[in-house]
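In the two complexes below, subunit A is the common chain; its partner is subunit B in one and subunit C in the other.
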Partner chain A sequence: MSTENNNLYDNINVGDLPKSTPGWKIVVQEILADKLALFSLIIFTLITCYVFGLTLFLSLRDIVTVDLFAINVAPNDEWRLGTDYGGRDIFGQLIIGTRNSLAIGILVTLLSVGFGIVYGVICGYFGGHIDNAMMRFVDFMIILPFLMIVVVFVTIVPSYDIFTFSLMMAVFLWMGTARLIRSLALQERELDYINASRTMGSSHFKIIFTQLLPNLVGIIIVNGTLSLAANIGIEAGLSFIGFGFPEDYPSLGTLMAYAQNTQTLQHRPWVWMPAAILILILMLCVRNVGEALRRAGDARQRQG
Partner chain B sequence: MSNNILEIKDLKVHYPVRGGFFNTIKDYVKAVDGVSINVPVGTTYGLVGESGSGKTTTGKAVMGLNHVTEGTIMFNGHELTGKGKKVDNHKDIQMIFQDPYSSLNVRKRVFDIITEPLNNYESLTKAERVNRVLELLKIVGLPPSAIYKYPHEFSGGQRQRIGVARAIALRPKLIIADEPVSALDVSVQAQVLNFMQEIQKEMDLTMLFIAHDLGVVRHMCSYLGIMYRGRLVEEGTVDDIFNNPQHLYTKRLVAAIPDIDVDHVEKNLVLRNQLKEEYEQNFADYLDEEGRAFPLQQISDTHRVALPVRS
Partner chain C sequence: MIKFTIRRLLITFPQLILLSVLVFILASLMPGDALSGLIDPDIPREQVELMRERLGLNNPWYIQYRDWVWAMVSEGDFGRSIFHQRPVMDLIGDRIWNTVWLSLMTVFFIYAIGLPLGLISGRYNDTITDSIITGYTYLGFATPTFVFALVLLYLFGFVWPVFPTSGSVRAGIPPGSLDYVLSKINHLVLPSLSVALIGLVGTVQYLRSGVIETKQKDYVILARSKGVKEGKIYSRHIFRNSIIPIAAFFGYEITGLLGGSVIIEQIFGYPGMGRLFLESISTRDYSVANVLILFYGFLAIVGALLSDIILSIIDPRIRIK
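On to the complex of A and B.
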């Protein structure tokens, strides 16, 4: 090394060394660059904040109490979105229902995707007999009739709350993620950087969670957001056919269920229409943000 | 011999071929089938052969990345193979990988990549680690500004240097270089090779150099082993192999090295064609019934050849 070159390495202030753009900054840039995603994120945040904020001041008991003097009132000054056949305030139900649906959607996604990732990554990384045995269990779970078991659960369990209901749903919804992550992990573990980590004495646990998993983040985010949209839909569907939450525990699905009555469907759109529109908006927003996040994770597709 | 840092004895790596209705073992692919190598301390041993001849498998078996069907691998007097006997050899044996694109995790910064082995074996403070990484970057000739960059911001040659920096971070005694330059273009090859030789001298490293490029091997190694279908066909010093090849396979391999001697182009061509004919006619005599090389026979102190056994 020449002396000139040596000077380059001496007197270095480590803080001055250039750093690559940190991950969160890339995400922010990406969302700012995609106007649709930015718009979606703002809408989603506003709805979420509004809903969660307002539920602090609303009383579930007041809202679900039957009021026979105000049955099927069209929207007016007193009832902003009218009332249902029990004289219950639709606006209040919508707010609390949205909160419940969002909470379930997020909780189910966290539980199912979280478990699916860990399960799939272990299958894919170790491969061989472990993979074989673990994937047969996944096959077994997939053939179980989801709907039937939910119906039985709802019928025999006397009372359930958001957490137990989410847990029950998550038990049947983690297999897709597990399969997806396993297939990617199988691919990834053949790459030399995994071998390199092994030769450097890193434990399997460390390799899986610090080397392999960061390379799957893009897929995990896409899978997570798509699952979130789907899970909100599944909960709404279950409630719609009457096997989700009961009427006195509103969710977007229970509001939609009022549309099963042809009279309501035809002549009283204020009962179910707001819930239907809200589901649509929420799902589209989540999807748009998910798309932007996916691009942020893949340097080749970035717009920002 | 006690000055051998690595002694491989009769190494066999077989992979089962499964098939049929019950998925039973039908046959074995004998990737490595009885290879014995001794590598003296401080030297570079070149392992050469065509693709599929088992060079990389041998290297990976030493690293513990492959299972070993039979045979022993001794490192510094410790056995690396065998059941229940786990010697953590990763501190003293490191590997440089063939493909500089897949061997670096694209999600990690250079700092994280190089400190991975340090975190596993040494407890250093953040400042100490930064200093060590800067020191290593200096050795491999990368600027200090590289420390917080991601691998995709570097060229192939620079990436291979990051791989080398990672491999020498723990000051290993033995480095297994698995075709370290075959993915690089020729101008960068020379750079990487020269500086690998430099570090070898500086750090008193022993290297097992796996390659298929004879020119590169001649430049780097003091001992050579030529592999063919999972066995060694010839082994000796570089001088033995290049100036006195005995096995027909080696002869043809050496004759195939491009020559820049313009005056003798015609003559070389004739020689090469003669060898080609001889190879096509007689090569079967140099192999046993299974198409594999015969056991090695000592023909001088350093030179061993798998000449056919006349029975």
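On to the complex of A and C.
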């Protein structure tokens, strides 16, 4: 014990205070210590790189063009994963679909978590009447039937792209983050460093964005990772019932949607099974990493 | 207690008003109005204009909103379905019980399977059994319900056909007979199990940590040193105290299930309200879709209200000032 301490303080210059391990270092240590999380992170990165890399060489037009001579072909040498009822290559759809699903998932997460943070931190930091009024609105948003309203939006909006679609989803998905950040900001604002900064005349804006939020970064990352896993599933669900992207713009959900045809579900599992497995793998990997990060934020549960 | 309930009720009214405004805005954004389905090309333009005037469709929006709310509150008039040419409430009346049965069955499975799993995993924590159950909750959290439902449908509806794959009852059985009830239950098993097996992971996790926390409490140690049998300690002392948070969220659970039925009813071709919603969207029968959104929103508001009141009875700390 004592030798360790000696080593620790050996190189400290006069005037240098001993620093605690920086946050990112704990995160790296924790992920390296948790073999499952490390494995998940590697798998997720590999899939992402593979998918985004391969889409550069695939042509969406070739893949979604109907080919009447190759309808419902079972997997063989030419069609690695077979074709659907329009003679379209499942493998190509899977690659492009995974890319689209990941892109939407990440975009929805960035938008909803971003807005949730700003909303929550304003509530928590200012407190009082502002907090009360703004949180009543959150209570209202939470009770809305999410799926139904998004379905209605998707039908009445004449056209949308990845960004506007993600925006429509994010409008109804920021409340969880807002509640979390608010409760943390409420605790944080009572602490001395905020008061000290306030006495020195810092503006609210400066305190919130340069002093308060950096202290919540760990939790924000955890929250974002866990929402990413959920959002991938939600997008797939929407596309599955036919209110996400159309068939000529594949996502993992549109591939699953082919299984709504009982013939396809029963006799042509190659159409929907790979997408189902991929959704499970992606969500599991992202969640594993998120859980490891959550443990990293909670000193009692650390493994490394 | 009464003060809290009144305060909580007061919050409910603005929520209801906001909900109705939102649905009204959605309705006005949708193409078509109450006349679209009735008009045929032979009717002269002036007459259509006259009908529009009489129905109040040319009034400013706030008068239309007032009339719309008034019709619902005073006369129970929720509008007509253009596609089915019937009052919307009749359509919902046909479907509502199917969804209610589905939700009740799901709740039954969630607690019938979830509670024992949570108790076992908390009681024998850090054993192999516990690891298996924890691993299962881990997987369950990462699995979207619709993927799991599809896999179950594939396995038990087609590969090994033990359960029916669509509908709510076998055709040709007279209602009221025992066969009818059995057939209904048979049709419910697969959809409700696929929701419940994923939905119960939260309950298991809550109960597990509750049991692990409670079994180190002093009164448990006291009971044990008095010589109370282990089984009784768990059923009488630990279970009762760890069930509180789960009981409190009962209201949320039920409304959550009602609201989440859209995708499940679609997969299993189950004729409930969620399916009615998707059908009405795809037939552009927006008046039905709007009432359903209003209805689900209303249920969620009531569910949240009930849960908060139950919670405040059980745990006085959360009462809002």
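Basically, the second predicted complex is superposed on the first by the 264 of 304 C-alpha atoms of A that agree within 3 Å, B and C clash if a C-alpha of one lies under 4 Å from a C-alpha of the other, contacts with A are read in each partner's own complex, and residues count from 1 in each chain.
Just so we're on the same page, contacts are C-beta pairs under 8 Å (C-beta built on N, C-alpha and C of every residue); 3 or more make two chains touch, one makes a residue touch a chain.
Since the structure is predicted, the reported quantities are computational estimates derived from the model, not experimental observations.
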Practice problem: Kindly classify A:Arg80 by the partners it touches after superposition: subunit B alone (first), subunit C alone (second), both, or neither? | Solution: neither
Counting residues of subunit A touched by each of subunit B and subunit C, the higher count belongs to C
* Examine A:Gln211 and indicate which partner it touches, taking first as subunit B and second as subunit C; both and neither are also allowed. => first
Does subunit B (first) or subunit C (second) touch A:Tyr193, or do both, or does neither? first
Message = After the superposition on A, what does A:Gln266 contact: first (subunit B), second (subunit C), both or neither?
response = second
Report task. Examine A:Arg287 and indicate which partner it touches, taking first as subunit B and second as subunit C; both and neither are also allowed. Result -> second
Kindly classify A:Ser202 by the partners it touches after superposition: subunit B alone (first), subunit C alone (second), both, or neither?
first
In the complex, the residues of subunit C that touch subunit A are 11, 14-15, 18-19, 22, 26, 29-31, 138-139, 141-147, 150-151, 153-154, 158, 165, 259-260, 262-263, 266-267, 277-278, 281-282, 289, 292-293, 296-297, 300-301, 304
Within the complex, subunit B is touched by subunit A residues 1, 8-9, 12, 14, 17-20, 191-193, 195-202, 211, 214-215, 217, 299
Listed in rising order, the residues of subunit B that touch subunit A in the complex are 60, 63-65, 88, 90-91, 93-95, 97-99, 102-109, 116-117, 120-121, 127, 130, 134-135, 137-138, 143-145, 147-150, 152-153, 163, 166, 170
In the complex, the residues of subunit A that touch subunit C are 136, 139-140, 142-149, 151-152, 155-156, 229, 233-234, 236-237, 240-243, 256, 259-260, 262, 265-266, 269, 272, 276, 279-280, 283-284, 287
